[in-house]
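Consider the two complexes below, in which chain A is the common component and chain B and chain C are the respective partners.
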Partner chain A sequence: MDINTFLAQFVSGLSVAMLLFLISSGLTLIFGVVNVLNFAHGSFYLLGTYFAYQLMQLFNNFWVGLLVGAIGAGIVGMVIEILFLRRIYGRAQEGAFQLLMTFAFILILDDVVKFIWGPEYKTIPKPDSLMGSFNMGSVMVPTYNVFIIVVGLLVVLFAWYFLTKTDTGKTVRASSLDRVMLGLLGTNVPMIMTLVFGVATAMGGLAGVLAAPLRTVTPGAGVEFIIDSMIVVVIGGFGNFWGALLGALIIGEVLSFGILWMPELATVLTFIVMIIVLIVKPEGLLAKKAVGRK
Partner chain B sequence: MKRKLISLLLVLAVLAPLTAVYGAETIKIGALYTMTGRGGQYGKDSEVAIKIALDEVNAKGLPGGAKLDVIITDDKNPQYAVSVAKRYITDEKCKFLFGIISTAIGLAVTEVSKEHKVIFIGTDHAGTDLTANKFQKYYFRSSNNTFQSMMAGAYYLKDEVKNWKKIAYIGPDYAYGRDQWMELKWGLDKLGVKYQVVGEYWPKLYEPDYTSYITAIMKAAPDILVNGMWGGDTVSFIKQAKPYGLFNKMKYFHVDAGGNYEALAALGADMPEGIIMSARHHNNWPDTPANKAYVQKFYKAAGRYPSYAAEGAYVGVHMIAEAIRKVGNANDTEALVKALEGMKIQTPEDPPGFTSYIDPKTHQIVQIQAIGTTVKNDKFPPAKYMLGNFKIYPADKLWPSFEYIDYMTKVKGK
Partner chain C sequence: MRKKRWGGNSTLKKIKDYLPWIVYFVFFVGILVVNPGTHYIHLVARVIIFSLYAVAFNLLYGTTGLVSFGHALFYGVGAYITGMLVKAAGPEYFLLFIILGAAGAAFVSIFIGLLTLRLTGVYFTMLTLAFAQLAWGLTFKLYHFTGGDDGIQAIPKPAMLTGGVTKYYIFSFIIVTICMYLLWRIRRSPFGSVLNCIRQNPQRITFLGMNVYKNQLKAFVISAFFAGVAGGLYAGLDGSIHPDMLHWPTSGNAILMATIGGMGTFFGPVVGAGILTGLEEIVGKYTEYWSFCIGVVVLIVVLLFPNGVLGIKKISGNKNNEEKETEVVCNS
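This part shows the complex of A and B:
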């Protein structure tokens, strides 16, 4: 394989991986800190997209749409956490309740979107400044795909700084380890849960708006990648932010080179990778053995 | 006493016609459509078209003053659709099963129709199987199957596209996507076209990200890329492929569902010019009063222009009404089957001088196929491009093909 083909396929894989990461990181953050497997995470992606669409109808500005889409999805996320999810924390069989409730929200939010904005496909155009492509050697790369990769990397940097260098970040990490102890030390744990849920769903919304110019804005779009996101989270380790990054990169590149070399098996390859990880390191590549979690 | 009797008779005389009206039979049609998620628009559009057709049919009248009524349920998945279809027959006493977007669900429901001997009019699902190797006498289809599209496509590639040899295919990895490719290759072979397949790509249905497929296709460098996607997948693929310059480097060919209005509307100005597409109904072709009236009626009712799913549903209701008129009632299923077989039915997509008909042997509607290329046209907003430069393929050249049905039966079984 010549270097140009390798480079083209690698950059494609990177672009796929970054969108996957933006979605999966929110999913894994909620699981790691709030201890909820949020099946409805894709619905916040969907809400972000539609909020952005609505704002762009009014202001015709992608950046306003991006901001409002992310914040709007985060606010709805916090409201749902406060009004509904908080009520089932700590119940016996909490897992089953979580599954049912978050699954119900997929259906509810999907229908809400259809009720407000209709069933037909909507369009969110790219901003003018990110139109077109440029040549990297002899490889053509769309500017917008590079923008997504850059945003993904910025999120990684910001998350690293927040989680390791700030007190709030350290509190969030602590709450993922032992929320009872954290509460005893005087931290308002429910507020931390709500904030984390809000930030994570806002990241889902952000991913939705970023993906919208490349994808179809339609009811139902939120559930389509939830399986891929789950695979990413399983590979990286449930609840592990950096694991989501690693998992997304692996899946993006495996898929990308799989399509080039063995297109018949490309989609199966991601599952094969997941199975191998589950056999070799069932807790996920970057997860530590769970100890002392309450 | 006599006066009382006369009064009573008078009252009865006044009430009699009313009784006739209120006592008139309501003939129920049990419809199943995808109403949620990605395919939801197809269901919603079909619902609007059904309402328009019902108003027309009931205004014209049916034998004995009967009225048609349609119940619609979200079909969800094959198992659920089967349970609803059975309920329609046993509890709701529906005389007809109707609709269905997905071929997988259509294949499940046709078994119910066969078992209960209830007529099933398929209005949107296009898998050729239902009117070929999976044929059963109570099934009829009011829109074309994928073979008709792909056979017309094979003629187009033979006659209209010059100097090509290398061909690649991308389509969703399930029966609908697989069948189109098999049918196109069969058609090309049949017409004696020589070609070389340089790539076959099978993303999953509703794949959100085609970036890696696009760079792999660019590397394979076919002269013609055939796409077998539908709906939002088409929109995503085109949006993602355009910045790579894919449409300048190869001919793009997408003739079963590519030119569906919903994709033209969603892509707006992002639609590349000059790509080869078709759909099962076009809002701007044929330029006949019947098609214009249908499109405008739909727009008035829904505030948007119809996708092709709507026309299949619209035609399906009219097929049922015509059969009932011919037989005189909706109770004699065997007579209704006979009435539908060979039925001529004027549809919005019929150009002047042609009337669609139901092939009596396969129960498939036989229609003219029109393949075009995208041209600037903002008469159907929000679409900025519509299809133009149409090439027309006569209906009887496309269906039935018993040679292909035999081939399909060999490959896929009965």
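This part shows the complex of A and C:
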């Protein structure tokens, strides 16, 4: 393989990684702060895509779709958190019930999408300004992929700033450490959890809109993506924001190069990576506390 | 202590103990007497096979407290081994092949159990999911070996069971009932009590000088074996199997069936299997959006009846049931 193919593949892997990061950072944020493993995160990705599709039918503007897709998914996420998920926090065997409830939301939301927009394939075109491709040395890179990478990096920067430099961000981090103490200090913890859930699902929706021009839009699209994002979260360490970034980079590149080298086994490769990580370092690459059995 | 709890002195209590079995026989034999037509017999055959799958899963989930999200793997392995053997060697030894399929599932589960059970909680759940998805992906890709996304079609049945689904239903019923009885005995054995205690108070088990990991592994393998039997039976029902049997919704269905019916009871998963299959059938007739309805049912169950359909009476009758049970099991 010459260096050009390698570079092209690397950049395409990077754009996949950024999409995965947008979804899995939301997942990991929800897990870290709200302590819920949100299996339905893919459905918010899906909602974002379809909201954007609807808006583009009306206004024919990609940027309006992008904005509304993300915000719409976030609002639906908050409503679901307030009405349903809040009721099962702290129950015995909570994990199983979370799994079931979010599984139920996959079934419900995917069918709602199918009901409203129909089961057939939809397309969202790339915006005109991001058509064409970039010339990086001797490698041609689609502008849209670069755009995705830039958006991903912006989200990383913004999240870093928000979580480490602002008071609200510190409260969010505190609530993932000790919820009860934070409540005693006068913070409205349920509201923090709802907000985090909203922001995280909005990021899922954003990823949905961003990915739409590269993939076909179908009611089953969310489920395909969620499994890969789960793997990212597991590899990076549950609830670890930077772990999600590292995991996304690994999985994005594995997917990208896997298709090149082992097209037969590309889909299986990600699971193999996950299994290896879980066996060697069960708590994830960047997590601190051990979860395995002694 | 054990005798006091399980044996019971009054005959009334004994009858109460066996009441679910009576209902079980009345329903599944009664359906033969009523004979509502091939379509419904086929439906009930599916219910009974799913029942075994769900009850086997519940040994892990409801009893031992391990949320596996990869049980489809064992169900699918059982089905594929049975299907491929029947295709290769002819249907004469169908029963033997089902047992071989289950043994294959159990064999696979030893390795997966050894690796996954090192983790706890959500990590265990994710790792089981990963293994099942890995197997699903491989089934898809190894076209020459497993038939890829076509699955295996036209699996023959032995001469005894061909012609009419009723014969196959009776065959499934007998096998499932034997397996159910075995699982029931396992759950009521001292080993079953150990599993119960692992869910409620794993430290206690360590204090008692027993090994949590080993016992969990045993439960994992037993559960996989019976899930494999269910898979093998399903392979014969329609004579066709496909990779979707290993996909994660199949694993999710096991959790759904066990929870809807009541994971704290032995027969809960049977009720859950009936409800889920029935819903699919009834709702599927009127609309293609049946998964929406299943989702709503699951939401209602999770929010309002967390103990499942068979667990409803427990809440109203005896609030501290779970606590009492802990005491009895752990002090024995």
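Note that the second predicted complex is superposed on the first by the 285 of 294 C-alpha atoms of A that agree within 3 Å, B and C clash if a C-alpha of one lies under 4 Å from a C-alpha of the other, contacts with A are read in each partner's own complex, and residues count from 1 in each chain.
In this text, a contact is a pair of C-beta atoms (placed from the backbone, for glycine too) under 8 Å apart; a residue touches a chain by one contact, two chains touch by 3 or more.
The shown structure was predicted, so the numbers you read here are calculated from the model rather than taken from an experiment.
Superimposing the complexes on chain A yields a three-chain arrangement in which chain B and chain C clash.
Legend: residue contacts after superposition of the two complexes on their common chain; A:37 is shown touching chain C, with no touch to chain B. Touch criterion met: A:100 reaches chain C, while chain B stays clear of it. When the two structures are aligned on the shared chain, A:267 is found in touch with chain B and with chain C.
Applying the stated contact rule after C-alpha superposition, one finds that A:111 touches each of chain B and chain C.
In the overlay built on the shared chain, the residue A:230 is in contact with chain C alone; chain B does not reach it. When both complexes are overlaid on chain A, the residue A:152 reaches neither chain B nor chain C.
Residue contacts after overlaying the shared chain place A:256 against chain B, while chain C stays out of touching range.
With the complexes overlaid on chain A C-alpha atoms, the stretch of chain C that clashes with chain B is 238-246, out of 184-192, 220-228 or 238-246.
Of the residues of chain A, those at positions 107, 110-111, 114, 264, 267 touch chain B in one of the two structures and chain C in the other.
Residue ranges on chain C touching chain A, taken from their complex, read 61, 65, 67, 69, 115, 117-123, 125-127, 129-131, 133-134, 137-138, 140-141, 213, 248, 252, 255-256, 259, 263, 289, 291-292, 294-296, 298-299, 301-303, 306, 322. Residues of chain A touching chain C in their complex: 37, 84, 87-88, 91-93, 95-97, 99-101, 103-108, 110-112, 114-115, 227, 230-231, 234, 238, 264-265, 267-268, 271-272, 274-275, 278-279, 282-283, 291-293.
The part of chain B that touches chain A in the complex is made up of residues 36-41, 43-44, 173, 199-204, 206-209, 211-216, 218-219, 231-233, 235-236, 239-240, 243-245, 262-263, 265-268, 270, 304, 382. Interface of chain A with chain B (complex): residues 5, 8-9, 11-13, 15-16, 19, 107, 110-111, 114, 118-123, 125, 131-133, 140, 142-145, 211, 213-221, 223-225, 252, 255-256, 259-260, 263-264, 266-267.
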